[in-house]
Each structure stands twice: as C-alpha cells, then as structure tokens.
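Each chain gets a letter, A, B and C, in the order it is written, and its residues are counted from 1.
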Amino acid sequence: MKGLELRDVTIRYGAHAAVRDVSLIVPEGRALGVVGESGSGKSSLGRVIAGLQAPSAGSARLDGLDVARLQAPGRASPAQLIFQNPLAALNPRRAVRLAITEALAGRGVTGARAETAAEEHLALVGLSAAHGARRPAELSGGQRQRVAIARALAAEPRLIVADEITSALDVSVQASVLNLLVELQHARGFTLVFISHNLPAVRYVADDILVMRHGEAVEHGPAETVTASPRHPYTRALLDAAPRLAPQPSPEIR
Amino acid sequence: MDRLRFLLRRVGRFAVSLFALFALTFLLVHFVPGDPVRASLGLLAPQELVEARRQELGLDRPLPEQFARHVAALARGDLGTSLSVRRPVSEVIAERLPATLALAGGAMLIVVLAGTGLGLAAAAVGAGGRRPGADMAFNATSGLLTSTPEFVTAVALTSLFAVALSWAPVAGRGGAASYVLPTLALALGPAAALARVVRTEGLRVLEEDYMRAARARRLSAWRLYAVHALPNCLTAALTVSGLILGGLVAGTVLVENVFAWPGLGSAIVTAITQKDYPLTQGVILVLGALVLLINFGVDVLITWLDPRSALARH
Amino acid sequence: MDLTDPRWRDGRTRLGLAAGAALLALVTVGPWIAGEAAGTVRLDHMLEGPGPAGLLGTDELGRDILARVVVASRLTLGLGLVATLLGASVGVLVGALPAVTPPWVGRLIATLTNLALAFPTLLLTLFVAAILGAGAQSALLAIALAIAPIFARLTHTLAAGVGGADYVTAARALGARPLTILARHVLPNIAGPLVVTAVMAMGGAVVVLSGLSFLGLGVQAPAYDWGGLLNHALGRVWTDPAPALAPAAAIVFTGLALSLAGEAASILLGLSPVRRRPPPAARQAPASSLLSAGGLLDIGGLDVEVADARGAPLRIVKDVSFSLRAGERVAIVGESGSGKSMTVLAAAGLLDGRATASAALATFGAAPLLGARATADERRLGGEMPVIFQDPLAAFNPLLPVGVPLVEVGMRHGGLSRPAARARAAERLGEVGLIDAARRLTQPPHAFSGGMLQRAMIATALMAEPRLIIADEPTTALDVTVQRQVLERLGAACDETGAGLLLISHDLAVVAETCERVLVMYAGRLVEDLPVADLVSGPAHPYTRALLDCLLGPDADRGKPLPVLEGRPPRPEEEIAGCAFAPRCAFADARCRIETPQLAVIGARRVACWRPLQVRRAA
C-alpha cells in the first residue's frame, strides 16, 4: 500500500516505554498531525517514522518498506526529518548551500547540475544564492529553518517528518514557515507528519490528528472532528487549555 | 538508595584501579628490555651473583606463579628487598612515607583552603567584569603561578628566603621552619590552578537563574554567597581538585629532591637511577595508591555534597 | 584574515600570539646567535657570577650560562614538541577507534584511558623511565605515553558528541557515506579543541621533561636542556642564584607562553567567547516624554546598555517610560530581542553585571530602584516585589531543598522566626495546591515537576506582603495544560494579596486573559501602551496589529495562507533611522523612515507611530 503504516510501534529506553503500541495509516500525500506535551513520546515516534531509530517492537512501513532500512550510505532516504532547532541541524562550519548539495548528491545530482539545483531549492524556500553562501550563524532563525526545509526537499522524499519546526522561532516568523510547508506539500504531494505541542498549528497543517499522552495514542481522527468534537477528555483538556483571543479584522488606515 | 548503589560502584572502581596499579607495578620489571638483573648489577658483576639475585626476585619462575607469590607477599606486607640498600622495601617505605605524607598533607590543606577561598573572592569581586583591574591582577598572578612547576618554585623560594634572606632552612627535615618552604613550593601552583577553576565556576554560578532569584529576595551577602553560591561552586571545584591533588602527590618527588627531604620522592629517583627495581615498584605502588585514594575520597565527597550531579554524571 | 574581527582584537589573542611568536623567535634565532658563546670553554672564567664574562655568570668550564639557556631552548622545546605530537597522534587514533570497532572495544578503551588519566603525568613518566632507564629518548617516550590518554579521551568525547549532532543524523539520512561524514562533519568540528589542547599539552610536556632532566632522569650530559641546566646550577644556588634563575625563568615563560597561545587559538577558532566588558556606568539619562510619577512603580526614560562584540555600548532598551498603579495587572509583550525582559529586570534591579541601566525616574513606592544598593528601602523589595522566573527548575538552587527560598523570605521580609516561617511556608505551599506540603519543603527541586516548582515560586511570592509580583514568561517552559493552572494560581495570588502584576510574555492570548493593560515593545522601544479591551477591538500601532494577525487561533481557515509579517526584527547592533518597524510596516511613509516617533496619548492609550491605525471604541 502507498503511504505510511505504523503497526503496534513501541519504543523503549531501558525499562521506560516512551511509546506504546501505536498503530495507524497515513495515505500517500496526506498530512498527519501529532500533538502532545513534553514526555508524550511524539518526538521518539517521529524519529522512528523517519527511520532514524528502529522501534523496540512493531513496524513502521513507507510504501510497504520498513523505514528503518531506508537509511543507506550513498542514497538519500525517501523519509526525511526536519529538526526542531535548525541551528543544531546545520553544520556550523559549512555554507548552508552545501547542506543542499549534500542532499542532491544523495540522489546522484552532482557537479554543475547540483549547483543550479541548489539555487533552485533555495529560491523555492524564498532564499537567494547569497543566503546560500552564508554559514548557519549568519542567518536568522526563520532563514535557517527554510534552509533545513530546502535540504529535506532536495532529497525528493516521499515522507517528511517535521518535528516542532516552529517552536524555536519568533511568533511573527512562525506563520511564514507554516505557510511554506503547507504550500510545498500541496505542490510536491509528499506525505507529511507534523509534530507539535501547539494544537492550533497542528489543526491548520494536518488532515488527521493523533493525540498522544504518556506514550499512548489517546485519539486519532480527521483534524476537524478531533478539534470540533473531541472524544477523549485529554484532547478536550488540551483544547480548553489554549488561551484564546479573537481580534477583529484589520481596520483601514485612518 | 541510588546514592548507596553509586557509592558501592565507586568502591568497586577504586578496588579495580588498585588492582590494575598493582599488576602494572608487578609487570614493571618484566617490561624492562634485556635482562633487568644484569642491567641492575652492571656488566662486571659475576654471573653467580646475577643468578642469585634472579632467584631472590623469583624471576626464574613462570609469570603466573611469580604474580601469585607477589600477591601473597603483599598480603604479608612484604614488598621485596631493595637491591641497592639491601633492606626490605617495606621498611624503607615505612621510614620515608611519614615525611612525604606530612609534606603533601600540609600542601593539600593550603591548596584546598586558599584555592577555594581566593577563587570565590575573585569571582565575587570580578562578577560581570566590573573590575577589570582586579580581574587582570588575578589572572596574571594565578596564570604565572599555575605555569610555574613545583621544582622551579622550590628553587626560587630557596634562593630568595633561604639563601638571600636566611629566613628558613635551606634543606632537610627538622623543626617547623623546615616545613615552610617545601610545603609552599608544593602548594603554590596547584592552589593557583584550583583558584582559577573555582573563580570560573563561581562566575558561572553567580549568573545562574537561582542566584538571580536569590538576589531578587534581597538576601544578606552572607546567605547569598555562603549558602547559595558556595556549595554549587564546590562540587565543580572538587571534581577538578581530585586531579590537582593527584598531581601534587607526584610533585612531592621533585620538591623533595630540591630540599633533600627524606621522603619517598628522593628515594624513587635514586632507585630509578640505580635500577633498584623492587624499591621503584614499591614506591610507585604507594604513590599511585595515594593518588587513587584521593580520587576516591573526592568522589565520595561529591556524592555526599551533590547526589544529583554525581548521579547525572554517571 | 579579518584583523578587525573582534576575535583578533581581544587582548588575550594578541598577548597569546605575541608570547607564541617570542617563543618561536627564541628557538629559531636564539641558538644561531648564542651558539658560539654557549660552547666556548674559557678556563680563565670558571664559575663566575654575573659579570662581563657572562650576563648571568659562567659554568665550571667558563661557558656563558645565558647563552647555554638560549641554546638549550631548541632541545627542550624540540623534545616537548615531538613528545606532544607523538602522544597526540597515538591518542587521537585510539580515541577514534571506537567509531569503527564493536562497542566492547570502545568500552575497553574508555576504561583504560580513564584508568590512565587517574594518575598524574609525572608518575606515569617515572614508571616508564624506570623501565627504559634514564635518557632523552626514554623521557620522550614516557611523556608521549602519558599524553596519549588525554587525547584519546578528548577525541572519544568530542567525536561522540558531534556524532550525535542533528546535522550528522541529517547527513546520514541524506545518504552521506561514513568516511564523508567523518571528513566533512566530524573532523572539522572536533579539530579546534584538539589543536588547542595540543598547544597547551606541549607546555605541560616541556615542564615534565624539564622535571625529569632536573631529577637527572631526562636529557644526559653532554647534551643539555633547561631542566639539566637548572639541576646543574642548584649546587651553587647558595652562593650564586643567577645561573639557576635563568633556566627556571625559561621554563616558566614557556609554560605561560604556550598556555596563552592555547587560549589565543581557542578564541581565534571560536571556541572561547570574546571577552566583553560592560559599558561604563550610567550616562546622563535622556529626557523622556511623558514622565509620570505617583504610581506604585514609576519608570521614566529607562535605557539599558550592553557591550557589543567590539566593546562599544549597545542600547537594547531605549527611553522606556511606564507607570503601574497599585494592584494593576500589566503585561509587557514583544518578540525575543525586543528588550522586554531587560526592561523588567532593570526595573527590579536584577540586571547582571554585563548590562548597565540608567533612567530619569525609577521608583517603587518611595524606594529608588536604580543605584541604591543595600538600603532599607531597597531591601524591602525582596518581600514587596517578588520575581517569578521563566524556567522554574533553573530558578531553584539544585543543592538546597525547595523550602529554603520560602523560609528565607518569611524570615527576612515577613518578620518571622524560623519555625514560624516554616509553618507559613507549608501553609502557602498547600494553598498553591501542593499535597503533603510540610514534607515537600525538605525535598530537592529535581523531585518536582516544572508546574509544581512554578507554583512553589508563587508560594514564595506570598511569604511576605507582596505589592507587585513580577513574572517573566512564567508559563513558557510549561506544558499547555499546566500553563492554565499556573496562570490561574498567579491571578488568585494577586486577588488574595491585592498585589499588582507585571507579566512578561510573548503570547498575546495569555496576556489578554491575565492582564488589564498591555505594553508592546519592539526593538527596544515601547511602541504601544493600551488597555486589554482595546487589544481585542483593534490596536493603533501596526506592529501590535500584526502580532494579533499572526496569532494562530484554533479556527484558522485551512484553505487560506496564514497572515504573515514579512521581514524580521532589527538586530540590536543595526543602525535604525526613524521607526524601527517601518521596513516591515504596510503603512509606513517617508517620515516613518526618517523620524523616530515618540509616544503620544490617544484616549486611554499611548502610541509611538506617525500613522496610527484608526482606533475603534470597544463595543
């Protein structure tokens, strides 16, 4: 089957089970939102989905293949993860353009073609070639996260896991990164797993929502249903906890 | 419970380290290229004497048996017989150890007290870079002292206080006055090194949120520094002081040689030059055990002071 | 090589480079100049003190001692260098092994290096010297062997750290091969610390080598190094200290120079921060618009400065004025870098040493806030103006029980005896919802969750008689479901005591639920001061408006892109002409880019904008 399939995924660290028996299906091209608080196991689940670690039990399959085996030297994995902190996810000593060419090399694009393709990918996320020549420390937080998105895209993945990609960013920058991600998913059609503690952001990005608590999936369903009529009391608590403010629409200039 | 398990693990590590040290000193003589006995007695010694010594050292037996005999001997407190002075090694060590311990003990006391005290004071005075002059003075002095090895300090102190000013005896172990220069020579460098660590640590601690929170409560200076800052500086300082005090033990070797101090340090140098392997082995075993004991003590102290950090570090 | 880079301009860099250069000059040029004098035997000048025959005297063959010290530099430093390189190479190889071997080999290596590191270098070298006998070669080997474990452990630790970094994980997922990862990502990021350690280790090697030679176990006659010369001079130190002092000084200088050079390398490689001094104390406070006094907390014309990378003062809070009435709940809102935390910390007198505050007016009731240290008025702030910090785990001393701050406030500001303070502390902890409070008081902070600690912090604020509670992002570090409880606790604390609240937040929704008035900051300035009701009905400053628009509500339309505020806030070091928000503002005109708008009163609010949005009255 096409898409992502988790079957009884359990992740243990020593005696502690970070994730217990999570099963679900994300059809190809859909966006799954994973929401939960710290310690809910959502990030561990994300790493397993991206194939960065093997589950202690159960299986995670992308298009029928075990994701843990998608990682292989010489070939970019079709499952890519975008990390929470872009500063830690980019080599501090290299121009950020090289991060993108590294991804391109992973699918055999090298030399002059890679240079052109790298610039195209930078442009895709709204950055110039001049940005590409800088090191991570010389970019703003939002720009770094754009580079990380471009790097993931350059690998032409069928699945992208976005793990809290806006929580290290300023409020006024978060929206543009979310817009970019949604726009790219619609254009490229990759399957998306969007992990966040921010329920409104998850609801905006995702088609389906998985609510996690203490390593267990407490609710899973279409985004509108889960947020409009939650069945699990914890989902309701999450919804109620978020403070609300309903401003009126922008006025005209005086 | 965690603390107890952690302590037990430390005891285990101490025991393993001691055993490794013992095994290494046992092997020392076997590492010597060529024939150690011949090397020790010289080319002119008659073959019969070499054979006799070889038998006396047990070198003619298979290695495992030698080791077993070595262990058994150690259990009786027997470390063999010195080749140069023809006396039991344990006797030589027992005679000389007190002098070394007195010297090292005094120096350690100075290092710990002066190092932490001055380091903390420097941190409190220089916090936030408010007094660049004081900072620079501290950095320059402590940097100079840290870079000065103990034998150089010893020579400098001797030329100044013993020779030029005649304030203290030049060499030898006698009354209280004879302790002053060797102890200082041994302590100055390590004390400066510790003070630098404590200062750096103190500056870090003073910037922590909990110190800001304590300042927000407008506590007295005493409570601020002694109750809130000090314990946090100490755990980090202790971690380093294990290393520093261990180095100090080794430093006794140099200082004792400058001041003709009748301790283990002056004995080992003679032993090495005269290829007196049993005595060398014995002294290295004792000095090494002393270093391990210090590290073990520091570990225990840290666990007691700060179970959280000790457990986290593990 | 950019010589204007602050790393090159740091005094320690220059000192370290100068010391390193001096050492290099000594080794290269010195022996060439002094070589002849060092070897010339003059039987008519034997064992002379400092004089014409030798600046520092002569030895028993009449050779110039100073010249011999200069010539000995080559052997001493050469042996030190070779020993260091040898030890470092072996160490790095051994330390890198675990990356390619089965795990048990790695563990074995780690155990052995840790064991070796427990022993001081000198003891290890004595051990090797005992095996190999006295001599330069055995000393060199001994030192190399003693240095190797240092590098083995460092390499192992560094490689393990970088190997676990996100960018290495990412590279692996992109199909980069192990050797590529090693060459591209791991080595460049661990080379710096290894180089710095090697420079410093060479200083240690020279010292240990000198020590061995001094004991007669290192370099043997007729060759001579500094340790040997010192040993030789020791015999006559009673009559003539100068010949001993020269090699001693050379050893000390080398150790010092190499440690300074190591520090310089560390700064140049970006491993140590460039030193920044705080800007000089308060300048003349700027005359501010709209000073008002007579509130509970009055701040007028507040400036906060820190030092930039080049040591020039950087204004990160600019001419901020506001006033709080007793019992009023006010929020300060802004993005990171807006200066909101600095403003409040300055008002609370809690800036650390690296920032300097000045103000035309800064009072809390009758008490002056800036400059007055350790007065009775200032001390009272500890009880009347409690502060709640962002990260509760960091704000409790890890080595002290959680009850300590509560008891402290009760005793120092609540006028209680220790037992009474304990009793009240237990009572207050119970009030904020902690079960089994009396026992909880004696437990260390790491036995609590973040939410519980934050509630304990609120309990601390209630130990004396608070008049204004300052809360710096009190819920940012907490989970959403806990956030609400803590905010409600905070509100209840204000209700019960009648205290005011000064809440710092980046979250307008949190603010709207908790406070009556909002101060919006952008790029160090207060841009709008408005009642919360007006926030909902429509703010006047385009920045406030944009912040509201960016707020991602639970019912954002999924079919449409989210409203976006283009651009980014200016960095503090950027020169700003006119309104700092103008480059991102849809309404900005020419004037906005030239003149800095001042706060002007419009109805119940103050706005710093040349083109404020139409203000609607709340329905």
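Following the convention adopted for this analysis, a residue touches a chain if its C-beta (ideal position, glycine included) is under 8 Å from a C-beta of that chain, and two chains touch if they have at least 3 such contacts.
The model shown is predicted, which means the values in this text are computed figures rather than measured ones.
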Report the topology of the inter-chain touch graph, choosing from line, ring, star, complete and other.
line
Greatest centre-to-centre gap (Cα means) from chain B is with chain A
Report, in whole Å, the distance between the mean C-alpha point of chain A and the mean C-alpha point of chain B.
54
Inter-chain centre distance, chain B versus chain C - centres from mean C-alpha coordinates, in Å
32
Under the stated contact criterion, what part of chain C meets chain A in this complex?
165-167, 169-178, 184-185, 188-189, 335-336, 479-481, 483-484, 487, 506-510, 512-513, 535-538, 545-554, 556, 558, 561-566, 568-569, 587, 611-614, 616
Within their complex, state which residues of chain B touch chain C.
17, 20-21, 24-25, 28, 31-33, 39, 127-130, 132, 143-144, 146-149, 151-152, 155-156, 158-159, 163-164, 170, 207-210, 212-220, 223, 227-228, 231-232, 235, 246-247, 249-251, 253-254, 257-258, 268-269, 271-273, 275, 277, 280, 284, 287-288, 291-292, 295, 305-306, 308-309
Looking at the complex, which residues from chain C come into contact with chain B?
115, 118-123, 126-127, 129-134, 203, 207, 210-211, 214-217, 230, 234, 237-238, 241, 244-245, 248, 251-252, 255-256, 259-260, 275-278, 348, 350, 352-354, 378-383, 385-387, 389, 391, 394-400, 404-405, 408-409, 412-413, 444, 446, 457, 460
Inside the complex, what are the residues of chain A that reach chain C?
37-38, 50-52, 71-77, 79-81, 83, 85, 88-94, 99, 102-103, 105-107, 140, 142, 148, 151, 155, 170-176, 178-179, 182-183, 197-201, 203-204, 223, 227, 237-248, 250-254
